[in-house]
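These are the structures in question, set out in turn.
Next come two complexes built around subunit A: one with subunit B, the other with subunit C.
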Partner chain A sequence: MTGSVDLADFLPAYLAEAEELLGAAQRHLLAVEASVRRGLAHPRAVRELFRALHTIKGLSAMVDVESIVSIAHWMETSLRHSDRAGGRLPESSVEPLMEGLREIEQRVRQLAAGKPVTPVPAGLLERLEALEAAALGTDPAKPAPVALELDATVSARLSAAEREQLTVGAAGKRAVRLDFIPGAERASSGITINSVRERVAKLAEAVKVLPLSGPAAGGGSLTFVLLLLTDATDDALLEAAGGPPASVRALTAAPAVPAAPIVTTEPELEAVVARVEEEPEEQRRGGGTLRVEVSRLDEALERLAALVVNRSRLTRAVAALTAAGAPTRELTAILQENGRQLRDMRAAIIRLRMVKVADVLERLPLLVRGLRRSTGKAVRLELEVGDAELDKAVADRLLPALVHLVRNAVDHALELPEERRAAGKPEEGLVRLACHGGASGLLELSVTDDGRGVDAEAVARRAGVPVPATSDGLLDVLCRPGFSTRDAATSTSGRGMGMDIVRRITVDQLGGELRLETRPGQGTTFRLRVPLTITLLDALIFECAGLRYAVAVGSVEELIDVDAARLTRPAGASGVVLVERRGSAVPLLSLERLLERGSPDGQRGGTGAKALIVRQRGEPVAFAVDRLLGQQEIVLRPLEDPLVRVPGVAGATDLGDGQPTLVLDLAALGAARSGNGRRERAT
Partner chain B sequence: MSVLHVVFKVDGAEYALPASDVLQMETFTGATPVPGAPSHVAGLVQVRGRVIPVVDARVRFGLPPVQRSLDTRVVVGQLGNRTVGLLVDSAREVLKLDPAQVKPPPPLVVEGARGFVKAVAQVGPRLVMLIDFPRVIGEEAPDGDGQR
Partner chain C sequence: MPEVLVVDDSKVMRDMVVACLRPYPGLTFTHASSGLEAIERLSLQPYDLLVLDLNMPDIGGIEVVEFVRSQDRLRNLPIIIVTTRGDEASRARALAVGANRFMTKPFTPDAILAEARALLEEKRG
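Our next item is the complex of A and B:
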């Protein structure tokens, strides 16, 4: 139907905003919970939570997701009472409110994934409604039965919550029905359901927007019925809808006269509602921030990359001119200036992509709260992240590693309260995540716990290896694929995945470092060091089996010439070739074969003319390539799709020919393809 | 209500995808192979500035390879957040299919098609097979910690 097309236009903005509001709501609810547990009131957080829910409700009504509207409505209602009680909330209320947020979040995700939105789960609304009763100490207040003047078609599509909203109304607001009939002529003058929605939103709170098909006034065949709560006059609303054939009708005989005491006793909250209505607009004008889709930033970066490619061609052309004796002094000066400008431009674009680490970690408190409940351990999470920033591409990759470390800390490292007491520690365990910008484009993060520490002997026994002498050695054992110190996989960690993922993300994917410090009985610290950005990097471009590839300059230790006459093939080493490098033998791997580019005629992978030396688990390994083509700055585009997310391939880049060129991670490629590595490809 | 479908050919047979799942169709100028990717992945192509994987329909359907021609197309499909191309012999038609035309596939087709065909539509004398796009491109779930 036409309606769905219009909604699709509206959706991206809705999703972005809903996500942000949900994040805020979770934060405030956690704050409320913290106060509740200390027996305190937290009027500000209750109010902020209320505002977030109120806005979510309004936005959701505009995109017509009834289940979210209902949940938000009842949550809001219970908070209204809590606010009236001075921001006090019974402890039993927190869990249903959490559940409500989770359910809203789930539905927002469904919308984002283009899936149908599931209805409100059975019993949730009743539980939320009961909160209201609990807060009031009475039965749920039934709204005064004011008849809504609605035809059956519309009436049938209203939920109880929406009906209640319209009947009771917000203080002093009238419930009205605005009918908007779209048409080609109106669309051509810019009046569509979207523009009407936007304009109406400034005047009224949309309780519901219903598209109705069937003959409409003015010869149309589709009518959008907007059910609103408003202070504005009929004329103003009509004007917002572009005038007749739109029409406005009151839904209740008189301006809704809600139970008068409610209005008079909660002027403050109504003021909050009023602010909620005004604020988004204010923020948009005054706040000075802009939400931009990442794809647009990527596009800008892509354009910059094209410029960089072009500049290197220009540089070569000028060099050729110079060599031919042409007067190029001024040209060279301009070229240098151009280079500086490009670097500045690059820095500016990278800055655009930076997100606050604090925002990235927004969900961790919620995670820890869940762990507290599932493990029965008392845990306090401290975040000391200041205002450090990271490239969004790095942040998105890093988050799962941090989630893993925090989860492991609570699950494995921290002891149960009794155990801690017996050890003379405070019952409440501490997990601290701190970060600070390090030197030269690196960010350092640490995840620290005050738990039992890693038992090196137990780890060694379990892995069937000698007890590691150093903490690096211990970390190596912990990071073995599938290693787990627990026999039973717990619901939170386990399933045989663990530290290897953390290491893979930190070291292999991000090119960073991972260290471990642990002291028995006192706790463990994991230190991570990751680059601030992986989006732009200096790369070596080379050719192998007819295709071009790129590899990060930083990962290559040395470039050597391969002299076929000086290779050794130790007997019995099943085809391993050694190349001599400054007096020591280094295994030489055929990149051609690793890349599955070997010719099918049975010929063994070539040993190339050049080799790149890379450290793989600390040991130098040479990768044979055919030809080196040069060094240039590239834009790394990670491969997100599971079909092509394979070990050894860091991403793709465009070298200027419009074809993707693979950016390789040689160490990971070698490890994945050698015998002891896992071949983690999806089947 | 009839639904618009994009029709494409693989080895002489006609297949269809709902037009709403198709972002665009591109000519094929070669894909960058990705080592270690499933064998039905032809490689990567760049489509309007995005790098996407391309699944070779012939390999996926177990058909013999064929020389690519000017008719070869990449049907760029959208699957949730994923954008994946499907490499087909040709794609030049858009059809409106009435739900009444669409029937469950005959048992013989079900067996032969490894679940890739979820329905067939009779269009005049022609039989058009509606494919199960998620299954064709492979339902691999993203890895990670499995908790998100």
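Our next item is the complex of A and C:
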């Protein structure tokens, strides 16, 4: 029984959780930085950052990644001092902490890629250790003289920092005490301390949560006391705690300052942005969610596809019975019902692959922060993504395009602060990413900046083309491969490099749309429309009569070489060619002819050099092709135009060259043709 | 069937602890993702062993131990602390408030299994 557990088995789970923790750590550090810049403390973010690092450290120790343990340890140590200083952090600490997170992230990536983990870079630990001393030197807090109305048992368990938070915070928000009494009955109806804590997190900031034992209201013996800072009403808080026997009471006497919003000195928008930066984690963490590897969902979809295939066999069998005069009414009804259920099931599984757009974009604030530093531009990023969701497969492909657009907006579109001032604009530039679910399974996204706009003439000059008359025309020029690489001074055009990649992803890969709106001196908006879900499949890519095609790997039973010398043409069966495969003869169909791409003389080709064996009604059929090019994962785009919908063509895909490639459904293609064959035979 | 309550805010860590203790015959496991949830569960149902992380949101492992030892009903519940905070002060503090064992991450599966076995058998008497 010893040695039966190998902690290395937990590596994939470790990687997933480490990624999540790093994401949280980055958010909290950004929130800390935003506070530091306003000269404020942010005790909660400091504490959460500390906790994320602490968990990373512990997990990394269990799976034996020493360099991450060291980095996390020293970051944690410096934060512990900040925590003691009431969540204050010197501004100079932010950068080394960012560096630490980057280094941890890099090592997590190395592990994920199966590469060796590099040792801690020289000097990093020393820099982090030096922060400890710096943090110690920061000014301690000066608590505002507001009295808290707390009984001694609770009061004795508050730290100075917590007390300060409750009293200082009480100027802007109300400090209240919420008592929650847990019970078996309440737990069975889903009201537990975890669920209450989660709901309360949306209404208030919890400064402290304490368990108190002893007789409690409603006959309980345990009370959780939550000390909160909030704008919410007592009723809302009480409801979040599941109603009585929970109770709410104020911790401070009616505030001397009238609760007018004048207290907040920062402009409204900044507060909104700060909220964007600070908000996510409580909503994301918490019960009721499950992390599943995407490959498992794909497996479920594959199993479902097998069921669908089986169902069509069943349908055919029932049709045959009906044709033979058997009483199949009930059977047919059940089959129809079954078809609906399978469709619902497919939709349900696809829903499992949906991820929140907000989660996908969680690294953008960090990106913009880096750009702010490297360009010296003042930038505000606004994310307005609401609750929109997207298939993970789409999200993974789309993210690089969005990153590109945001990067371009900061790098090239936004002016330097002095230039903006001269143009009568606020010094701080704005980049806004918004999205909302549109009609019929499409998501609309926009990336907007208030920069200089695209100078169509400069763009045309650089590309050596006439000035485009429309914004679509301008976009075409911008999206020419390698457009901006001709000139390093892209900033004069307002838009830079890599727009071809953005278009390739949006239009060619995802089958979406990309539009441009730009006004000189006022800014630019890129609008993207992408499908909410896509179908991925592993495909064989091959060439036939000079064109490339793809076919799902799963549908191909075998690949064989076609030896022209060993083909047989049975007498009497006009045009039928048989190829030998392990001792038995298999009909060989000319894909070239099936696709009606035969050369005008009609004589050439037909037998190819290779053949794909596909099963059709249980019988093997060989399709002759010229050359096999390889295997890759493709995005299948259904052909939506009914005029071009052809049996045997499952859809189209982009193999990375910007050209549409047809994805064939060989079984259906063969069936369509052999249907003709059967009719011939019947006559 | 001895019931084990495994408390850690990291799911991977809870899974690891469960995997480590699995070889002990007949154990059943309950997860708690926070110190608060642990206290709630302990107030509602008896357990035979508590495996507890120190660093958790809202209230940490030390406060959970203090709560447990303040309850007559839970006075004899064996507690194993599992933590990254391996310093002497943390160890001394955890043992002082009433934890039975203190394990520092990383630990081996065998080490925690041996501690759990000793505590469960001691408790059974």
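The rule is short, and it goes like this: the second predicted complex is superposed on the first by the 358 of 683 C-alpha atoms of A that agree within 3 Å, B and C clash if a C-alpha of one lies under 4 Å from a C-alpha of the other, contacts with A are read in each partner's own complex, and residues count from 1 in each chain.
Here is the rule we use: a residue touches a chain if its C-beta (ideal position, glycine included) is under 8 Å from a C-beta of that chain, and two chains touch if they have at least 3 such contacts.
As the structure is a prediction and not an experimental result, all values here were calculated from the model.
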In the overlaid three-chain picture, which partner chain does A:P400 touch, first (subunit B) or second (subunit C), both, or neither? first
Answer with first, second, both or neither: which of subunit B and subunit C does A:L547 touch in the superposed model?
-> first
Per the contact definition in the header, classify A:A184: touching subunit B only (first), subunit C only (second), both, or neither. second
(message) By the touch definition at the top of the document, which applies to A:E596: first (subunit B), second (subunit C), both, or neither?
(response) first
* Considering only touches as defined above, state whether A:G583 meets subunit B (first), subunit C (second), both or neither. => neither
On the A-aligned overlay, A:L210 touches which partner chain: subunit B = first, subunit C = second, or both, or neither? second
Subunit A contact set shared between subunit B and subunit C covers none
Interface with subunit A, subunit B side, in the complex: residues 29-30, 32-38, 41, 44-46, 49-53, 55, 80-84, 137-138, 140-148
The answer for subunit A against subunit C in the complex is residues 1-5, 7, 9-10, 13-14, 16-17, 48, 51, 54-55, 57-59, 61-62, 64, 182-184, 187, 192-194, 197, 206, 208-211, 213, 221-222, 224, 287, 291
Residue positions on subunit C within touch of subunit A in the complex are 9-13, 15-16, 19-20, 22-23, 33-34, 36-37, 39-40, 43-44, 53, 55-59, 63, 67, 70-71, 83-85, 105-107, 109-110
In the complex, subunit A touches subunit B at residues 113-114, 295, 298-299, 302, 400, 403-404, 407, 495, 497, 501, 547, 594-597, 637, 639-649, 652, 654, 658-662, 669, 672-673, 679-683
